[in-house]
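Both complexes below contain chain A, partnered by chain B and then by chain C.
Presenting the complex of A and B:
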């Protein structure tokens, strides 16, 4: 056989032994950024005296459903399209596009409300995440807003709730952080369905065009002692870690 | 309580009941009890053996079982007698069966007539003097007395009540959990008595139940979850209407 190692001459002039090149060190810049973990809020059990066994059994069912049907990550403020099986529709399938205003419920009964304005009529539909009649959930635009609850869109100008029914899904890279839309919404003239200027709702996403006097009067209902109330504290960080491990292991199997 | 979906897409609410260390404590024959059928004493959740008199602990010592928090009687036919000391499991019931659930309701304390009996009370304004939630008249003039059992304010709740004819949707043999349709009297984690339904519509409903009970050390190896035929199991794909 033929080998070129004998022809390699080192600095002394004698044939040098073959030296392996240094192993390449791969620096993965994507992994260096902190791994983004998203645990859906319905997995976190509410504070109460229920037996943790009930939440464990429910989580098993939820993981089982997620294995068969993909429930994507989404937040309040992202635009979703949901296709549901409907016995009364002509094609047996209904598709609804809307912005998610609220995510409620824990466990298998978790729900989310989608809002859209169709032909000048505002429509809100409350879907259950684990309902077997849902055929597909697509995230058309993934983003967060300044608030957890966008119910004030009912009293905002309709342009903020209209979304094109045939919108194309927005492509985004996996590792980027979810963008926060700091949009300040303009409202219809008062009266509103709820007094959104009051501090109890703690809304940051409205551009209040009310006079200063009204804003000061609304601050009368503020309860500044609430943030220091120790009995209302519910630290979910450790619970979330445990549940995240359980869920990720369950989904891998 | 949890939601459960059927194969046709309908949602039902379901209560989870856990069978926690149930043992048969004693057999009382028909002549001894003086009733129409013989009785079996069954004990529930384990509790500490201290703080109880010797006479109360006798029953548990005889059966060879730790002290139970709750002891109930079941009327049993002669062919369903079980030896005292046998453990009872959730697999004693099967999906598709109908069941009666008895428990002590949530105690509300001393309550007025509007909350306790659902009286309408009086209007809030238009001249009512100090009378908004009172019972009003309690009897007629001719009666000249108040009848026994007149609905009046008093202690409400904390009494035994039964919900009849509840369907069993699913049974988890690993954790001994029974999924029962609808709501059940009592607060969360309270002790509950589950019995085969005595409603006439469900008299012949049980097809091949485990008789006299499900024995864990027997030959039968059950899967971890037993489902009713109509339940949508999460391993199946989504429901469609063809």
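Presenting the complex of A and C:
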């Protein structure tokens, strides 16, 4: 590209001062990759008037436990295998494979529920993340689903909750972007344990085969003012940044 | 099942017999129901003995799993499972295919024969 700036004649009539063309900016896509940060949801303190010192001390204990025992990154919808120490088991160690349907609790009492269907019997176990009885947590398949809570799998066809106990861990090539499984699950005939079609549950992962009339009737229970309620707002972005720095420094030591 | 509210086992709960006994597996127009729980409280949890009404007969049974969430790290089943038992504790069936919680192993003395016929543990 030939710049003709040197030939530009300014308003005075004399040739204008030569201006260097702008330096080319090299965008190195390898370096510009944002480091994916994952902060486990149990670190974020709940909204309330408790003294932050309590959460600080709890986080110290959580970091201490994480240094000794590795708790991998996982989301609701990923398949995990948990080995627990059990005095009543024949080999003193029990292994359970299942899909994570819910992550609840904050701090050291954080739990996650794994579900699997064994011999046509649906089994769910609620494990505590920081329980010393847990020997190992492996992520066999890391993925997210369309919802944060997959409790509707109890009323879905059993094929959606069956996972092979001897499944091999799936190797992930990318260190970016956890895949979102946009699977729409088919349900057993009604009655269900909860009315999942109602807007309060806001479920995107079910293929509702209900007639239009029922879907419209379910919208009667919608509360569209809830998302604008200012007293329910809880912006966690700044808190998350602080806690992320704290946790990453604690784990490096 | 239709009712979902009370998930542990008490009087008049419909139950699913899990072993391969003829009494538990032959179809009948009424599902097997609990009529008494051998417990100080009337609520039966895993490892409690109950009296069942099956096919017009009374039979004792052992609870091996219920829909009610229990202590953490213990399994919660999608149906109320029960194993038919004699008065002395001998199971009537010969095989149990459905998974049984490991907690029953704690009372190995009372349930040794039931645990012996169980195939899968959770």
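Everything below uses one rule, namely that the second predicted complex is superposed on the first by the 221 of 253 C-alpha atoms of A that agree within 3 Å, B and C clash if a C-alpha of one lies under 4 Å from a C-alpha of the other, contacts with A are read in each partner's own complex, and residues count from 1 in each chain.
Following the convention adopted for this analysis, contacts are C-beta pairs under 8 Å (C-beta built on N, C-alpha and C of every residue); 3 or more make two chains touch, one makes a residue touch a chain.
This one's a predicted model, so the numbers in the text were calculated from it and none came from an experiment.
Chemist: Quick check on the chain A-based superposition: chain B and chain C, clash or fit?
Modeler: fit
Chemist: Now for A:49: first (chain B), second (chain C), both, or neither, which partner does it touch?
Modeler: A:49: touches chain B, not chain C.
Chemist: Counting only touches as set out at the top, which of chain B and chain C does A:169 meet: first, second, both, neither?
Modeler: After superposition on chain A, A:169 lies in contact with neither partner.
Chemist: I'd like to know which partner A:179 touches here: chain B for first, chain C for second, both or neither.
Modeler: Neither partner.
Chemist: Is A:108 contacted by the first partner chain B, the second partner chain C, both or neither?
Modeler: In the superposed model, A:108 contacts chain B only, not chain C.
Chemist: Looking at the overlay, does A:125 come into contact with chain B only (first), chain C only (second), both, or neither?
Modeler: Second partner only, chain C.
Chemist: If we overlay the two complexes on their shared chain A, which of chain B and chain C does A:154 touch? Say first, second, both or neither.
Modeler: second
Chemist: Figure out whether A:65 sits in contact with chain B (first) or chain C (second), or with both, or with neither.
Modeler: A:65 contacts chain B only, not chain C.
Chemist: Tell me the contact category for A:92 with respect to chain B and chain C: first, second, both or neither.
Modeler: The answer is first: A:92 touches chain B but not chain C.
Chemist: For the combined overlay, can you note the least CA distance between chain B and chain C, rounded to whole Å?
Modeler: 10
Chemist: I'd like to check the shared interface: which positions of chain A are touched by both chain B and chain C across the two complexes?
Modeler: 86, 128, 131, 133
Chemist: Using the touch definition up top, name the residues of chain A that touch chain C in the complex.
Modeler: 84, 86, 88-90, 94, 96, 111, 118-128, 131, 133, 154, 191, 193
Chemist: Could you list, by residue number, the parts of chain C that touch chain A in their complex?
Modeler: These residues of chain C touch chain A: 2, 4, 65, 69, 72-79, 81, 97-99, 102-106, 120-122.
Chemist: Mind listing the chain B positions that touch chain A in their complex?
Modeler: Contacts found on chain B: 2-3, 5, 9, 11, 16, 18, 172, 175, 177, 188-189, 232, 234-242.
Chemist: How about chain A: which of its residues touch chain B in the complex?
Modeler: For chain A paired with chain B, touching residues are 48-51, 53-54, 57-58, 61, 64-65, 68-69, 85-87, 92, 107-109, 128, 130-135.
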